[in-house]
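Two complexes, one shared chain (chain A), two partners (chain B, chain C).
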Partner chain A sequence: MIEMKEIVKHYGKGDNVTEALKGISLRIENGEFTAITGHSGCGKSTLLNILGGMDRQTKGEYFCDGEDVSGMSERELAKFRNSHIGFVFQAFHLAGELTAAENVALPLGYAGVGAKERKERAKVLLDRVGLAEKYKAYPAKLSGGEMQRVAIARALANHPRILLADEPTGNLDHENGEKIMALLRELNKEGMTVVMVTHDLELAAMADRCIHMADGSIIAQKN
Partner chain B sequence: MKKILFLLQNAWKYIRYNKFSSIVLFCAITVGFLFPMMALNDVNNLLWDARISRYEDAAGITILKYLMPYKEEAQMEEALKQAEKSFETAGYVGMAQQLVYAKGESYSGTVAAISRDYLTVLPCELVEGSFFSEADYSESGERTCLLLYTTNLAKDGVKVGDSIEILGNSYTVKGIIRAPRAFGGVMVPYTFAGEVLRGGEDVNISYHIITYGHKGVVSIHFPDQLTSEREKGVKEDEEFFASVWKLNRYRMLRAGIIILFTMINMLILFLGMTVGERYSMAVRMALGISRKSLFLEVLFRNLLLMLPAFLVSVLIYPFFCVFVKSIDSHLRGDTMLQAGLGGAVLIILITLAVLWFGFHKQGVASMLKRRAE
Partner chain C sequence: MKYSISRILHNLFHNRLLYLFVLASFAIGSGLFIICMNFRSTGERLLEEAKIESSQGLIKIQWYFNGEFDVMTNPEEAEKERNEYPIPYDAYLKLVSNPQYTEDLDILYALNSGVTIWESENLLDFDLYFMNDQLFAHLYDTDRQEGKAYLGEAAYEALLYVGEGIKNGKEFKPWNDVMLYIDGDRLIIQDKSYPYEVIMPKDPDVVVLPVVAAFLTEEELSGELMDNYRMDDAVVLPVEDVFKPAGFPLLMNNLFLRYRNANWSEDTAAQVVKELNKINPKSSFTIENRYLELKGDMEDYSYDMDRWMLIAISILFLSGVGCIGTMYLTLEKRRHFMAVSVACGSTLKRIAAETTAELFLVLAAGGLTGILLLPLLRKLIIYWDWEKLYVSAGGIGIVAAAAVAFSLISTFLGLHAARLKDVAAVLKEE
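Entry: the complex of A and B
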């Protein structure tokens, strides 16, 4: 369970301060599929980054399954990301020098998994996202939809409990976007907690719950 | 171990993928290593000069020691012993030292201008040819010289009747002698002292360091302020060394500037590389890579480029030296390894310090974001 209380995030200092989040309180149950919508610049990514332990809030409390994430050291935070969180980005962020399988296996390698097991698990994961045949392909040879599926497979590699997706369909056409959405839904059905940021209200409507943000605050919630 | 291998593989894949920048960087590092090596050589020369001026009387020995190419170890030992012995009796001899740098295949030795009674004062034995006759002391006569049996010249096959060149003048080898307490490797009649030593003509014996090539060509190189008699010499030596020190300060400055420039260049290159890597690092950090692994992976990337580049620079260093020597002959080659390694370690440390203390603090999200935009 994710629990946030009065999360405030400031960027910059002095006169240049941007208040990206202005006191967000939020509770997300395990296994929930949550969509976050809102205009560009309203703080959606900032919120997701804090959720994923990639950024720290300026003020407020954040507990994940009872653990105080804000109290973690850099090292603990890295471990938290590696073991609990799967992150999917709008820009995919695949490593260009690695094949699809190697990309998927990357978090496993950092977790100390051996080469043979990495290979096997990467295969299973790629199969899971329907890309078994692109095993050896480099990202440059994949379409946007395929890259995003590789990214999702990579996010799943360490069996995270929470999958965070920041506009995962933002760079994709509608058809591919729907495929990704369907995949996320499927993962959610299997028990994964999913938090997805999106512009697309149609996609957002497919979530269990929809949070609407504006100017650093939550202004509406729909179940 | 598994993980180290994984990180190494990752580093290698990254380098391979970013071919162009890796090659540019590789070349830059290679060239980058050459300059500190040269600069440090210069510093080494400098220390050498300092040592020489410190131990005036032992100068001949020091110079012999440093000029001899290592492959001639045995010959060097012999020449050294010879030189040491000769310095035992050097009390009354006006001495002058001149820094002569080994060039390519050259060796060093001493040249002595000897008086008529020299051969009666010191026991020596004729191996081949003959001693100087009265005619050899005549200024208008043919220039002749004696070679000490133990010197390289004689060992290199210079025979009686051959001629060698000293300061542009040709001397015919009249004889080869064996003399346990000899003063010079090459002896010329004292009448030619002025020519050879460019000092006072009242000297009867003087030491000088010469270099000569394999083929028996002697090139000898003296400044005008060379001294002759000791009493006179001490004062003049001081002046001479003062001028050397002045030169040293300039050289030290020059070496320092070269090192500084190189280090700054390398640092900028590596920082550039690190900044260029920020994205790939940010991706890994988002996946929850530990600081240690991140650190190692970047270290491996740097090392995979740096070590081969260093190797290549060491390999091409001699050719580079030949090139630079054609511009500046004051160059020696025995400190290049220390110099290169020192430079490498310094650069790695600076790069990693930046990475360790600076880079990690920037935040994953903002780094990823900047790339995406």
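Entry: the complex of A and C
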């Protein structure tokens, strides 16, 4: 379970301070599929980054399954990201010089998993996302949809409890976007907590809950 | 740790062309640098050895004649002029009376002439030496007794024969107006009488008095001719009793210096030379000394090696710039990947450590290559013939420190340029 209390995030110093988040409080239950919507600059990506341990709040508390994430050191935070969180980005962010399998295995390496087990796990994950035959392919040889599926497989590498997706279909055509959404729904049905940031209200409607943000605050929540 | 190693090796392979340039430039720069440092440490060591040797051995004073007569056009006058300006007895007296010199130096001095006595068809030759106490002690390894004459074994036999011959009425004619013979326990020479002792140099290898050897060529010093210059025929008298045998315009002579203690300073010996040059303005006196010769050579060699050192430092500097450029290019390319790595569970510190290690491996390989290139570089840049170059640990240490510094600085600047501080913002970029 994710619990956030009065999360505030400031950028800048002195007279040039920007308030990205203004006292966000929310609670996401295990296995929920939550969409966060809002116009550009409303703070939704900032909220996602704090959820994923990629950024730290200026004030407030953040608990994940009872663990105080806000009090973690850099090393503990890295371990938290590695074991609890799976990230999916709009721009995919695959390493061009690594094969699909090597990209998938990246979080496994940081978890200390051995080379043989990394290879085997990567195969299983690529099969899970329907790309078993693309095991040795480089990202340059993959379509947008395939690259995003590889990114999802990478996000699943260490069996995370939470999948965070930031505009996962933003760079995809409609057909590939639907495939990705279908995959996310499937993962959610299997028990994964999914938090997705999107500006697409149609996609947001597919989630269990939709949180609407504006100017750093939650202005509406809809189930 | 294992995964970090595999990441480092992967990155090394994928950036091999850039890293090859860095490796090559660092190899050449470090090889040249180590050679130059080895030159310095070898030179210092050789100078130290020469200094010790010089402080223990004799320093010979060489002289060169600056006369008016050319030996080719007027050889007789040139020879006469040359012979008028060695280191005369007066010059020696001036030196030994100056405590500025005698405090640090032993001044070893002798004058030498040949004397012949003619008996019927026989010629008896003697080497007459007027020797000071220091040179006597150096040659015979014993102190001289005041007022005593010392005879070589052959000289003793010959003088005994002359003495007995005179008693028995034989006629002997001195060739140089110098009559000498043994009468009982005394050596009679001219109008003086000396107690005497038969003595030979302690060191059997010393067969030629340095004062004689100074005038001999290498050929004359070798083989059969050495027998002509043994101390067997020596008649050694105190230097204060010096006189010139008839037929000799002057006496052969030479002067040696020896430092009394380990605080060797070339200045005192140089002062002596300056004094001699003042006394004999037609001669140029110099010190023949291995330390000073080596020092002079080192100064000549140093000019070249300073130039090579400058080249080495320039190449190392360029190599450092190459490291920064390489890191800038590679980390800029890896920017998004590094941000994703952080998202997947790495940290900026770990990424920085891996990157530093990656570059350090390249530079370490370059340094090792530079060390392997040392024999080739030595052939290319060193033209004089030293037996070997002593390894300067300092040179290798500096190169290693440079490798560490280049790695750290380049990684720091590269990561700074990659703007990875806000990882989340990087991941937001397309």
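In the analysis below, the second predicted complex is superposed on the first by the 223 of 223 C-alpha atoms of A that agree within 3 Å, B and C clash if a C-alpha of one lies under 4 Å from a C-alpha of the other, contacts with A are read in each partner's own complex, and residues count from 1 in each chain.
Methods note: contacts are C-beta pairs under 8 Å (C-beta built on N, C-alpha and C of every residue); 3 or more make two chains touch, one makes a residue touch a chain.
If you're wondering where the values come from, they're calculated on a predicted model, not measured in any experiment.
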Chain C versus chain B on the shared chain A, clash or fit after superposition: clash
Partner chain(s) touched by A:A137 [first = chain B, second = chain C, both, neither]: neither
Partner chain in contact with A:V124 - chain B first, chain C second, else both or neither: neither
Segment of chain B intruding into chain C (one of 145-153, 163-171, 235-243 or 343-351): 343-351
Touching both chain C and chain B, counted on chain A across the two superposed complexes: 45-46, 49, 52, 54-55, 74-75, 78-79, 81-83, 87, 89-91, 93, 95, 97-98, 106-107, 109-110, 112, 114-115, 154, 158
Parts of chain C lying in touch with chain A, wherever the complex brings them together: 2-3, 6-7, 10, 14, 336-337, 339-350, 423-424, 427-430
Chain B partner contacts - residues on chain A that touch it in the complex: 45-46, 49, 52, 54-55, 74-75, 78-83, 85, 87, 89-91, 93-98, 102, 106-107, 109-110, 112-115, 154, 158
Partner chain C, residues of chain A touching it in the complex: 45-46, 49, 52, 54-55, 74-75, 78-79, 81-83, 87, 89-91, 93, 95, 97-98, 106-107, 109-112, 114-115, 154, 157-158, 166, 171
Chain A partner contacts - residues on chain B that touch it in the complex: 2-3, 5-7, 10, 13-14, 16-18, 280, 282-291, 293, 360, 363-366, 368-369, 371-372
